[in-house]
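The chains carry the letters A, B, C, D, E and F, assigned in the order they are written, with residues numbered from 1 in each.
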């Protein structure tokens, strides 16, 4: 559950628990945690603090908590923070308490989820801030880690971004290859219009102003303005105003994002916020329970 | 299958096909590829070229190929390259041929695997090169993406690195928390020695030279020298020579890797080569088949 | 793969084979086909004809074929027809040939898929025909059989209908309960607009013309006109023209569909075409191969 | 758990929870319930009443309840009725209470199970009533929805019917095709007798009185009298009395069921009570909790 | 597929391939076959012979073959024998040919299936032979290895035995606990008769002749004569003749089986032929292909 | 969780619950427990005692308990013993209390796990005792039941044995086939050393003293002395002392184990303690609850 911009986004355990179980199994293998099982007596209890070692935006706290809970229901997790919050280096995220063995054995699984999702939220947030004076929003793409799409898209929202399509099935995006195979933008749009359901929006990728004009004439809902220079983008946004939502993509970085947003474009989309975000450095410090 | 340093590492499809099927399902959802199904006629055939848009080390070509093959067995894939190779920007990686629809619909799934695994291989390779004058090897950690550990560890090997433990169950690594809970390094090692199987090696994480000496006296197989300065590391390596394998970890970057390797340490381990490697930019260009 | 209105909809095996395997396992249990295994020698070969015993619209032929193929790859299936076709009673749909045992053992699984999906296509087609003079389209709902949504939605398309949302995640439909909990139509729309992605359309369920006007003022993409009389529906359609897509729902039958379509409404949606369609009567007749 | 004719049939959650989870995932997709998550605040609580909109026989209440419980354990379900009961239009079935979001998001999944299973129970019950003066019982077939056989067979029992075979593996039914491939009824029975286990009963499908006599001479446990006229059926029942259980099948409707039962036949079997039963109309009405 | 007593029992791959994949994954883990991948070059080809090291009855050859085929489709398997055959020590069972690596890596998985199933077939066969002069048959119980019931029951058939119930759901067996909870044999039978389907046979476990008489009066199909002495068993068989199938169980060994069979009992059932059968010693010998 | 030699080995439910669910499903099938559901009223409560009918070492009590708990959470299990204990014939292991139906229906699943795992622990313990005067340990192999490796290896530990490799991926064992394909022991070791990770130990199978010397010269961590006579084994152990861990395998029985251990060998490995251990006879006695 993330609290973002006054909205609370639920993340139901039924949708991620199998993934957490699979990650636990991936780490415990067939023999379990050889080190912990040999070194730590079953009666040892521990308290642990999960905290950030770098500043960032948090996502995945409940998923991380599930790693402990699913390994041993006697472990309790108390949240010190919630998804969607900004934290400073050293800030406490959650307290974990209970038998020491499962806390040690689930630690890496928990942190792997938390670090990756918070990493995505953090870079999304950085971009969102860079354009915060403009009405433009950050959106992600389908360039996500296989198996983690729902969680990574959630992390983008926790970072203050919005989600583009979740898959090939919940929106039409006519790309250059489709245009080429259909023989033109208008023909491609015409074919989609004949077949798509009434709840489906149509977006077209365009590289030139000529293609843009063709797309606008075809009445599409949105245009993806791919790899355009800032001046060309400005012109494209002007042409589209009142006719279609505009989305800029290609080569957008924290450095140039504000300039691009200043063109008045509605959305900027970035693949790297999911496929190349570095993990946020998170850690678990344990102490013997008193 | 990767060809690395004269060795060929097999990667059997039985071990990754379910993951590829799951990734395809994640993208196709319940309605399939709305755009392609509307725009592209079933009779269209296409040839596509997968290539790199940036220089790097390749990993995941067969996994990417499986995305097309599992969606439609009529699609054929011809490799132009193989895992473990270094490629320049623009270099061809594989040719995909067959009905146009499944090629378009599986494209993103294929590239998501290939980009992530090649990204990991690329940064691993960069570190491996930085230390190539030394006898030191790069190893990865358990900080991998949930669900992808086997593939990401494979990518590290394709990058010229070696693998540390695959999980908590195939090696003993006594960390600071274990030492604290056992009441000392020697007691922790003693407990492990009583319980672990004869095929299991023991490594201990040490922060100080005192801890190192205690570990060496305990006769461990390897020592993880955590966050030590270069001079302290040199001293630790000297102390350990002939007694234990030495592994340096903490804050290692392409810039300081050579200095660290110059201490004579056997291994440097880096979490970020799996958890924070940016994807390699790979692309698929399609053309109508003639 | 269905051929409908000049369009070919792919249905990739990767998306339904697990379901077919599960259905085979459900029928074969732990002991297999006691009768066939005792009565039919392994060397017996058979040819079988799948045909319709009642007129209807076909859907699910490839899914049915997969039941035989997955049980024994030596069974070959030759299609005499394809999904999306209309057939008369007695018309041949497919020929199955090969070892007699798997043909007998997979028969019921194959027919269960084919009968159910063709049943849905048939009633959809009946409604589609009833309104064929009008520009109105038939759409289905989320009232589908647990586990079969993708296949049943496909069957609706094969019947000449269109698909409404596939799930709660690919379109916004604000229903009476949402309106009640938000405190009004405009507030509900306002909340959605602040949070939903740019590819998502918004539809609102309205019961009265006052609610309709509020929804239109809120600028929604579509309105679901629930349980309105024909005159009221006409009025609602007039009010909405040019502003929102109109969808009529509630109590629509083959008898009154034309009258409702005559109001000019864009869509009529019917839950019963998926949840209460009777199976189409299909049969498999076997003969010893010569 | 259904209460039928003084017997309570357990339905253990371990056997259907995976199916309910799969149905929830099918509806929530990757993005969750876009509408509810945007419109309803997380603090909203709701009370909802599940009730019937048409008279019928109930089945599936606990399965429906599991949809809410598995999505959010904070939702509580209080049963107002139980499987196997007859309800009138408008009668309360269960009360659902808790956070409003999961109640809204699980509603359709819950009702899809409840409507389908109650629909099957309702038509089964109608047939059972039509023959209630006779000692004849209603039985279902293997013509069930793929994946739902156990639940649909349970619904038949909740409707007052009995179950024929659950699969190909828990009873021998020699059909026309088997007879043809074996070269006669007696040879088919002989083969089965040599091979089947001692707990397995043998039934043979017969179309003529000659076949019936051959089957009775072979000492089968039951005969399936296929598509016989009422007079022929009477004759068949007389011939079989004391020798074999008799089962009538083919073209049985609520209208002719009593006449068929009056022949003294032990069982009538109907495929359409599972494959073509219309859903029972069930609904969930929500109100804000006070 | 087993050839037993002139009958061929099919064993369709769709029913065991997932189990074989799971066993391969259990052995290959995340890192694969470290030894083979390091030692054997990918170009090495090998021919291997699977043979028995002890005399016995074979079961599981195709399952074993699937281990090689599923790991690498380039491995070919040629059967030298078939399930249901008796082999001497040293006899060839199958030849495996192809790339050396997958042959070595799948060896243990293949042999684990083949050894266990052949072990079961072998002890079953030994018992079957011990009683071969009598009309009595050997049957197994539900005391099977979790997850392997279908395969182990198949192995019993391959050994010349027959199968009792496959589960709690395909036959009624009233045991002592049921009798106690019902308050007597006749009451228990009465309850079953009111509720069970017409294809279900009823067997009752009896310890005394009084209980037997009560069971016979109740008209059950079979009686399980538990732990009776040979004279008492003879008496029980006489009492039951013409009324019920008789099954002896409890403490039956290869040594006393003939004496028990000589009482005229129809069946002897033994749990240990599945739960305690030693594996048959099978081996794979490899040679470099020429 | 097993208590063995002062150590407590955890066995987390997340790692075996799916297997228990699968075993319950395997027994309950689609129709459930026909007998219990017909005979036992839902209000009946029962208390049951699980006890051993033969002396042995216990393993699997929590797994057995999970069968009851997963079928019905109202069943409570109170342990009278724990894994790793030695019990006499008739000794109480656990008390099960709650509704009678699920206790009866889960009984066989529970006992199948408990009997098999305790059987393995019992024979392991017998061997361990036979060599208890020596510093030698018993280890198991990869000859385990498909799907149960983790549980069976756990049972070996509960029996007082140790675990060899869990799979092909957590240790290198160079066998005769590898040696043959590499062209010699030293070449095989050299290849492994170049490629294996630093946490991996190397063991080589040797048949002769010449091979042993070659292996020792190659500096391997352990040697598997296969099928050697006692005098030859003694000689091999002397040669290896201080250089490599020694493991004897091949033809070891409770009778000759002490002689073999007396050679000073470090480990004896036995495949039959997992693949051919007879189940321990365990039983559940039920009584009506008061």
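In this text, a residue touches a chain if its C-beta (ideal position, glycine included) is under 8 Å from a C-beta of that chain, and two chains touch if they have at least 3 such contacts.
This structure is a prediction, so every number in the text was calculated from the model and none was measured.
Touch-path distance (fewest steps) from chain B to chain E is 1.
Common partners of chain B and chain D, by the touch rule above, are A, C, E, F.
The two sequence copies chain C and chain D touch through a face in which the numbers common to both exceed half of the numbers used overall.
Averaged C-alpha coordinates put the centre of chain D at 33 Å from the centre of chain E.
Each chain gets a centre from the mean of its Cα atoms; for chain A and chain B, those two points are 22 Å apart.
A straight line joining the Cα centres of chain C and chain E is 44 Å long. Contact of a single residue of chain D with at least two other chains is seen at positions 7, 26, 28-32, 37-38, 105, 149, 163, 166-167, 169-171, 194-195, 200.
Taken pairwise by the contact criterion, the protein chains are fully connected, each one touching every other.
On the side of chain B, the complex with chain A involves touching residues 19-20, 22-23, 26-40, 44, 46, 100, 104-105, 108-109, 111-113, 115-116, 119, 142-149, 166-175, 177-178, 180-182, 188, 191-192, 194-196, 200, 272, 275-279, 286-288. Of all residues in chain E, only 21, 24-25, 28-32, 37-38, 41-42, 70-72, 101-102, 105 touch chain B in the complex they form. Residue ranges of chain B in contact with chain F, taken from their complex: 7, 137, 139, 162-166, 169-171, 194-195, 197-201, 203, 221-222, 245, 247, 266-267. Those residues of chain B that touch chain E in the shared complex are 1, 7-12, 14-15, 149-150, 153, 163, 166-167, 170. By the touch rule above, chain F contacts chain C in their complex via residues 26, 29-30.
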